[in-house]
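Structures are listed in the sections that come next.
Each of the next two complexes has chain A plus one more chain, namely chain B in the first and chain C in the second.
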Partner chain A sequence: MNYFELFNLEVGYDLDVKQLAAHYRQLQRAFHPDQYASGSESERLLAVKKSAQINDAFSTLKSPVSRAEYLLSLAGIDISHETKTIQDPEFLMQQMEYREHLEDILQMSDPLSAIIDFEKTLADEANQLQQAISQQLSQTDYDSAANSVRKLKFMIKLNNELERLEDQVAN
Partner chain B sequence: MAYSDKVIDHYENPRNVGSFDKSDASVATGMVGAPACGDVMKLQLKISDDGIIEDAKFKTYGCGSAIASSSLVTEWVKGKSIDEAQSIKNTDIAQELALPPVKIHCSILAEDAIKAAITDYKSKRS
Partner chain C sequence: MALLQISEPGQTAAPHQRKFAVGIDLGTTNSLVATVRSGEAQPLADNEGNKMLPSVVQYQQNDIRVGYPALAEAELDPENTIISVKRFMGRSLDDVLQTYPELPYQFEGDSTHLSRIKTRQGNKSPIEVSADILTELKNRAENVLGDELQGAVITVPAYFDDAQRQGTKDAARIAGLKVLRLLNEPTAAAIAYGLDSKQEGEIAVYDLGGGTFDISILKLERGVFEVLATGGDSALGGDDFDQAIVNWIKAQAGLTHTLSSRERRVLKEQAKKAKEVLSDSEQVNIEFLLDNHQTIALTLTLAEFNELILPLVQKTIIACRRSLKDADLKADEIKDVVLVGGSTRVPLVREKVADFFGQTPLSSIDPDEVVAVGASIQADILVGNKPDSEMVLLDVTPLSLGLETMGGLTEKIISRNTTIPVAKAQEFTTFKDGQTAMAIHVVQGERELVKDCRSLARFELRDIPPMAAGAAHIRVTFQVDADGLLSVTAMEKSTGVQASIQVKPSYGLEEEEILTMLKSSIDNAQDDVQARRLAEQVVEAARMLESLGNALKADGHLLTDESREALYNELADLQRLTEQTDAEAIKKQIEKIDHLSQDFAAARMDQSIKQALKGQQVDEI
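For the complex of A and B:
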């Protein structure tokens, strides 16, 4: 049973995270090891295993990157452990510029509004990538989908850095 | 995670940070990124007419190991021919800096940056 089937969801990139969370809570309750406290040892063991599987499945499907990686792995492509580099000059130049912008924010007259603007820019680009991933996966264009996932990882990294900066500015 | 002394040295005193004018015919630019960690590296080589690397500069956004790997290769490639530079392996970099296995991708990034710069050099010449 794959992770989507576990949550009774259609296999695909676009999913309703609220629905996923609701199914997750239902399953967690049903298989909570406490429910099997009076059961046989093998029943208890099974509940623990099932519970762990449900947690793994939820955290995998919840994140846009790991969900895409999981869908690719279902198609026999493993990119989650790769150490390959990407060499798309245009994309990387843009990444450099974003990183430079990030460095400059602290020196700006209004860093907080610069952060909010930048968050929006990054979110827009991440959304575009997610739409591309969805389309590429549904067209079984796995190479392109894998490339979009790689790019999305850079965007998420940038976003983490921006959040860290926001904490710094807010405190 | 503990960094080796060499990583710390390069991280605290990175060699050859900066950039050359990309439009200069003798300047080759290699841009690479590692999706695993989101690190981005730009390596630029100033190459003489007879194919010797006269100078190198880098700009890297990433962890200490990524910065140390790029700083180290700028030192290593200077004075080398492009063929010699091309033969630098990520394992040499990882060994010199005593990188732990989880940081091997940083040395791969630096090796690929050299290769990307040389590819750029060749395409500029042809």
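For the complex of A and C:
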């Protein structure tokens, strides 16, 4: 049973996160170890395992990156542990510019609003990548999809660094 | 026929018999026990009508005093009167002395072991002291309820690490309590506010106790309590406010000499009293005698007090910010803020929390009782008194869990704020050619260097077949159960060599020690031990007869006639054994049935996955 089947959802990148969450809660209501508090030892152990599996499936499908990676793994392509680098020079150039911008932010006159602007730029780009992933996956163009996921990971990493910077400025 | 009798043992005996279960708030300063009676959750009082039990234990020559009587002796017998022992749970001595340099106790231990306090009844670990507090609460509950307890839900700060949780569970075991669940205090508080039924949305629970601070962000939806994020500080609380006042008094009065045990205690009491008065006054007079009969008299204003504690309160607000961020929420998206812990009576705390969340926090339930009350509601459900309850509690890991790798670096396996239960695996390999053993060091914390994290346990995987460096594939699996307790297994993949341990914390008790304590805690004769063991096994057997009986009735069709028949026969044997007096035979039979019914349990789970989502569509419309 794959994660989509577990949650009774259609296999695909575009999913209704609300529905996913509703089904998740429904499953935990049935399998959380607390429901087996008076059960036998093996039932309790089994419930811990099942409940852990449901949690893992939920967190995998919830995040756009791990959901894409999971769909690729269903197609036989494992990129979650790879060390492959991106070959797209245009994208890499853009990344370098973003990083330089990140380094400059603290010296700007209004770093907080610069951070907010930059957050928006990154979010837009991440959105575009997600749309591309959705399309590439539905066309079974797995190589392109894998490349888009790698790029999305870059964007998320950048965004994490931006958040750290925001903490720094706020404190 | 015998078969029918077995399937409903609980029901035939007494159709609506309630099972007694309690919620226990094992607090730093005070502890409480509560239960649900006639549909209402309430704390249980002692013979004098006191609901709170000061978490104080005095070891006398031939007696152990707990609570107010112990507190009354604290000044006269400081070295044998243990106060706020929860602060030492799961901590090494070095750690304790560094955090609390002015303790009146004689300690035993070092940086690598759990601290122990020298008393006239011998060295006492924090786990044993906690067990004495739990025993007192258990006796109180059994006195009031007039029956033996079937189990207890014990609360712990959400921020408690594995060692502290395991220590709490071990303490309950020594006290002879069956732990139904370790429940995080903030979740318990949310349950107490009845936020379980129809409420939907995100809430924050701000819990400032005597020695710990927790902030949790929960999402409520149709009875499901999902902890989105949790944070805090396991060494920050009202005691630190007291300490700030103590330091202020010392500075104001120019006290530079080394204080005697008595003076330290008096100063601390004065500070505590001053803090409490300032909850609803603008100023307080502090007056006491030094050992040399000099009188110290000072006045502390609320404004001065606020200034003293502002950095501490600020620290809690920074933790709130971080937790909101972890939960991916803004402060104005929080629907309700719940206050827990006596220290939330401090006006500056209320003010800063209200400012930060932009709303007046809920405080209609006594902040000292709210946790025990919530725990008792959960206990009532877990023990089976409310079979149609829809409540599910999804907690998270408060700290990341990882392993030590080459160069003293931490490799995280399960990150902070992951929903539990959780199981994660990672592969590692050998460093040298022909390496046949691997030391696995489990740590908890957020830092990159192992030395900055908390050491949980060490174990060894042996008998790895000699291979070239990097050729072995060691798969290490971390599993955290619903109580937040970790177990680790490791396996070499090509050979299947397996090493498994229940993580015994570096700063905890060995199984052997617990067994010894269990034995000595049962007072006298061998008879008692036997009787207790038999009683335990009979309860365990009754539980199995009921649950497996019901399961067979509902889903017996999942089995072949043959194996169904076999299970019924084994259950009949178990039923017969419970009417005799051989505890060991009952235990063996339970294990046998447990083993035989494993496939059945698995088949039932698979079946109910499909069932769980049926009717979902109807529900959603």
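Definition applied: the second predicted complex is superposed on the first by the 171 of 171 C-alpha atoms of A that agree within 3 Å, B and C clash if a C-alpha of one lies under 4 Å from a C-alpha of the other, contacts with A are read in each partner's own complex, and residues count from 1 in each chain.
Quick note on the criterion: contacts are C-beta pairs under 8 Å (C-beta built on N, C-alpha and C of every residue); 3 or more make two chains touch, one makes a residue touch a chain.
This structure is a prediction, so every number in the text was calculated from the model and none was measured.
> I'd like to know which partner A:Leu46 touches here: chain B for first, chain C for second, both or neither.
second
> Of the two partners chain B and chain C, indicate the one touching more residues belonging to chain A.
Tallying touched residues of chain A, the top partner is C.
> Applying the touch criterion given at the start, work out whether A:Ile77 contacts chain B, chain C, both or neither, answering first, second, both or neither.
neither
> Which partner chains sit in contact with A:Arg25 here, chain B, chain C, both or neither? Use first/second/both/neither.
second
> A:Asp34 contacts which: chain B (first), chain C (second), both, neither?
second
> From the superposed pair, tell me which chain A residues show up as contacts to chain B and also as contacts to chain C.
Of chain A, no residue contacts chain B in one complex and chain C in the other.
> If we count contacts the way the header does, which residues on chain B are in touch with chain A in the complex?
31-38, 40, 42, 59, 61, 104-105, 108-109, 112, 116
> Please name which positions on chain A make contact with chain C in the complex.
For this pair, the touching residues of chain A are 1, 6-8, 19, 22-23, 25-35, 37-43, 46-53, 55-56, 58-59, 163, 167, 170-171.
> Going by the contact rule at the top, pick out the chain C residues touching chain A in the complex.
180-181, 221-224, 226, 318, 321, 325, 381-384, 390, 392-394, 418-424, 479, 481-482, 543-544, 546-548, 593-595, 597-598, 601-602, 605, 608-609, 611-613, 616, 619-620
> Can you list the residues on chain A that touch chain B in the complex?
Contacts found on chain A: 79, 82-89, 91-93, 95-96, 99, 149-151, 153-154, 156-158.
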